[in-house]
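Heads up, the next two complexes both have subunit A, just with different partners, subunit B and then subunit C.
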Partner chain A sequence: MAVEFSTLLKPTSRARRLKSDFVVVLAVAATLIAVIPLAAVSLYVISSGAGVVSLDFFTQDPPGDLSAAGGGIRNAIAGTLEMTALATAFAAPTGILIAIFDTEVGGRVATGTRLFIDVMAALPSIVVGIFVYSLVVVTQGHFSGFAGSVALAAIMLPVIVISTEEMLRLIPRPISEGARALGLRRWRTYLSVYIPTAMSGIFTGLLLAVSRAIGETAPLLFTSLGNNFFTTDINEPMQGMPLLIYRNALNSAFPAARDRAMGAALTLVVMVLAFNLLGRWLVARRRPGRNPGR
Partner chain B sequence: MVVATDTRQTPMAAVEAAQSDQPLPPEAAVLRLHHVNAYYGPRRVVRDISLDIARNSITAIIGPSGSGKSTLLRCMDRMHEVVPHARATGLIEYRGIDLYDKRVDPAAVRRSIGMVFQQPNPFPTMSIFDNVAAPARFNGLVHGRNEAADLVERCLRQAALWDEVKDKLRQSGTSLSGGQQQRLCIARALALAPDVLLMDEPCSALDPVATLQIEQLMTDLRADYTIVIVTHNMQQASRVSDRTAFLTMGEDGAGYLVEEGPTGRIFTQPREQLTEDYISGRFG
Partner chain C sequence: MTARVESPSADSPLGPNDLRRRRFADGDLVFRVMGAVVTGLVLLLIGLMVAQSFQTALPVFDRFGVLGFITGQRWSPTFTVYGAWPFIFGTVLTSLIALVIAVPIAILVALLVTEFLPTRIGQPVAIVVDLLAAVPSVVWGLWGLLVLVPFLRPIERSIAAGPGKVVPFLGPPTPGPSYFVAGLIVALMIIPIVAAVTREVFATTPRLQREAVLALGGTRWDVIRRVVLPLGRTGLVAAVLLGLGRAIGETIAVTMVIGNAPRVGSSVFSPGFTLASVIANEFNEATEELHPEALIALGVVLLAVAVAVNGAGLMVRRHFERSAGRGR
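Let's turn to the complex of A and B:
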């Protein structure tokens, strides 16, 4: 039977075009539903926080009485940066190694770890906080920034493992076989071929984990506790930005506390954004040039 | 005294031995396969193949899809076992050593027996320079910047790619065209100074111009290396190879060797009806 090429000239049926338009409208609507709350929150944080933020806000510690005006959030910024950095130092190498173990070794043990990691990812963050409380705080006998870091690391670990595993699985077979066929040792194959190939993905997962940990309040409540004074000593209770926001927002009947919470919220959002942009830029820069020049 | 038939003496003598219709003398063989079977899980894909690979010559393995050509090739550098649940039985001798001996390190085998794949596979995060230099450096063959630079230039020249890339060695290997990428992969394999080069349909993803360049390159490399090429392109086999092995798929679904010999004879006077049918396009 001959193909009816004449149908090419016929206009597409009305029902078909309507169906197509309907799906497009649905997709746009879904996007708007996702974007509107995000934009609303961002706008709210910016409009309420922008007036609070000044140089003093970053360089001074809060007043002893949170209902009093003035002061800044220096202690919370320092605490959050220090605890998050330490947590990343704990969780990133461990997470990447676990992911390599799961993808490369496999078998029953790997299935076990994967299940464990999945459970860990689903754990409410408050439970992580209580767990680390009994593990570190009770053992040490005091709250500390160190305990806070461990709790944040426990939040980050499953995110890093899952995303790294995903990325390692995506390495094309010709690339992995090419490395094996050159007689490279397994560890060398990972270090010099697999990890660099999957780097941008692994890094994105890492950023995601950092962004998640940096905003967590619950794990810090029972571990780093909070501290009204500036400290970089990891053995002392330490203030974190989410903790500061939480405590001040609870007292938002006082305009000073409310303003401080909003200013800190804006600072936190900008910090996370900056981390993400910086990370992406670093990953993009590491690739060999596609453009001429040496 | 140099005897022309003593294949240990010169590459030319080795080529002549490979092209002659006399049985290949054992000392002319680099790789000797004895009763090789290969499996994926319970499924046998290569059945009882015995074959000698002549030194300093090009051996083509031809046959229809599913005849086990690539699997057989991958047994020769122990890449077959990289696939989960894949295994091989039989004996493969490489210069008198059993490749599957427990004491043999598969990574070391792959350094002596290089491989080029169907899809060009330069490492995407490495520059052209590092694609050639890094594997050699990792295996401890070069030390320092200057030695690496010399090696890269020598291998890229050998792979007939130097003139095209010498001004952009810092660019990504994946920025090259398909044919250039494949020559880069050949240069990368040569950088390990292998003894044997296995090529698994190296031209099937390339256009005719790039294919011709690779074929020319293979002929040039023959003086220094032993090459085994899997191809489904019979013209290519007849153009470049000294010896040809014809495989086909048996009723059990496993590939087996129908006949093997100097390319000239296989293509003009095959001894087996199956070979003649395949070569003349009457394969059914």
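Let's turn to the complex of A and C:
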């Protein structure tokens, strides 16, 4: 890379130092501009949601009519937890296996699979919803919590594969050499050495995937559809928190719907942040100083 | 020669080959086959979903032609006329607005974190910016609908009444929900992605080159302008493409603030629709002839665009990483 030295040989002048400082000011300003909306959203959700949230809000179901006051979001909390749990049960073992397969076979097959997973990670979530609708909902003939779980699993899978692969790649050489020197079979190496070593990293990826899935609305719209009533039956349409927020927000002309949306939004944000920050904290503990400083 | 030398050992250059042959024995074969089967099944399942969606959309492409569908100006389920242009227009416009706002901010954030702040402070700043991505889309939409739209409405009005009279595309109507608000919300949502990729790009700048500029009496800005930005050019392109890919697919937040009008708007302040938001908004109520099929066809168009943009972004990033890995 050619650096034009002639321009740099001038002694650092006041003007150039000022220019540099100006860029610092610009960068600080830009960061503030990026962070202010985050603060604004958080404050708004907390201030308008805190008054709504109570024990009843978590333990009661909403009234059949959106515009009616009272009730809670029990059905949505239960639906979100159930669908996310099932999605995790689908995506976690599959994702970890795919990551191991990729790391293990290497070569063109792995590159191909990896490309596919990367593309999957980039799919718009609404497109995932359409895919699952065409395959699961159309085949089953009805909307269901199961279809919602499949859609969420499709969102989670690439996140899990990518983070697991990264963790497997970070396994220190001496450890893999040690396993090899002991004459361990490959499956044994993964089961007893690699996976335990990478466990906290893999778990982190899982938490981040869950925190992403919990907040997704678009993939649920035409899969789990939503349900005004409480259900744990995975074959019935099921309510999710994002769906409840979406539908109530669109009717926010009614104070009751607006309050319900705000209370649910506060609950959802707290859930998402809990998973997200827990995951990040584990990452920070596992890989101190790995993130690029300079 | 003793027998010891002939047996496979880790020291022997022949070792790995022998080990590989043995790897197919017993447990390892099962292990590999299981991995292959699961991977294959997932690929197959996704492939099946794509094929199903294409097949469902086929009648629409048959009736209007692929080009006719894409360039069709009119979207009117009651008359069974389906043209995708108003939505493609909306997606392109909101994504462009989002990029114009998000890219400079994200680059400056990345510069602040990697170039100006010590790691100890930079890291928390990076995490806070990352948290923008953790806020669920529906919550951004809720805030956009209830706070941002009312807040921006008078500003949009005064712009439309002032400069909007002269500058095309800034005029009325200004009902509140608009391409502009949608673009702004999407900008907030893609800042963390663009900033994260950019940060990685900047962090790969070789230390020696930075120090060379500093040693010559250059300022921090000189380092950025002469070394960090030129060396990171390819990586920046990747960051922008990946941000664009995300912007194109953003659904719920956009649906809540774009005003949902199936027309090509005459101004950035007009209400409109994007590909993703029209699907989200109309699919559950689609009962007219070919209406669901047409919406799935929009999904196919969206899929094609998103895969193309993201694929390009991933390829450019891989290219950048490889060249950065070689030390350039």
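Everything that follows uses one rule, which is that the second predicted complex is superposed on the first by the 236 of 294 C-alpha atoms of A that agree within 3 Å, B and C clash if a C-alpha of one lies under 4 Å from a C-alpha of the other, contacts with A are read in each partner's own complex, and residues count from 1 in each chain.
In the analysis below, a contact is a pair of C-beta atoms (placed from the backbone, for glycine too) under 8 Å apart; a residue touches a chain by one contact, two chains touch by 3 or more.
Computed from a predicted model, the values in this text were never measured in an experiment.
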Which superposed partner A:130 touches (first subunit B, second subunit C, both, neither): second
Contacts of A:23 with subunit B and subunit C, given as first, second, both or neither: second
Contact breadth on subunit A, by residue count: subunit C or subunit B: C
Touching partner for A:188 - first (subunit B), second (subunit C), both, neither: both
Which superposed partner A:174 touches (first subunit B, second subunit C, both, neither): first
Subunit B versus subunit C as contact partner of A:196, first or second or both or neither: first
First (subunit B), second (subunit C), both or neither touched by A:215: second
Touching both subunit B and subunit C, residues of subunit A: 180-181, 185, 188, 289, 291-294
In the complex, subunit C residues that touch subunit A: 10, 19, 23, 25-28, 30-32, 34-36, 38-39, 42-43, 45-46, 48-50, 52-53, 56, 104-106, 108-109, 111-112, 114-116, 118-119, 122-123, 125-129, 131-132, 134-143, 145-147, 188, 191, 195, 199-200, 202-204, 207, 209-210, 212-213, 216-222, 224, 226-227, 230-231, 242, 245-246, 248-252, 256, 276, 279-280, 283-284, 296, 299, 302-303, 306-307, 310-311, 313-314, 328
Touching residues on subunit A, where the partner in the complex is subunit B: 172, 174-175, 177-185, 188, 192-193, 196-197, 199, 286-294
Subunit A residues touching subunit C - in the complex, by the definition given at the top: 1, 3-5, 8-12, 16-17, 19-20, 23-24, 26-31, 33-35, 37-38, 40-41, 44-45, 94, 97-98, 100-102, 104-105, 113, 115-116, 118-120, 122-127, 130-132, 134-135, 138, 154, 157, 180-181, 185-188, 190, 211, 214-218, 221-222, 225, 242, 245-246, 249-250, 252, 258, 261-262, 265, 268-269, 272-273, 276, 280, 289, 291-294
Parts of subunit B lying in touch with subunit A, wherever the complex brings them together: 77, 79, 82, 107-111, 114-115, 117, 119, 121-127, 130, 134-135, 138-139, 168-173, 175, 185, 188-189, 192
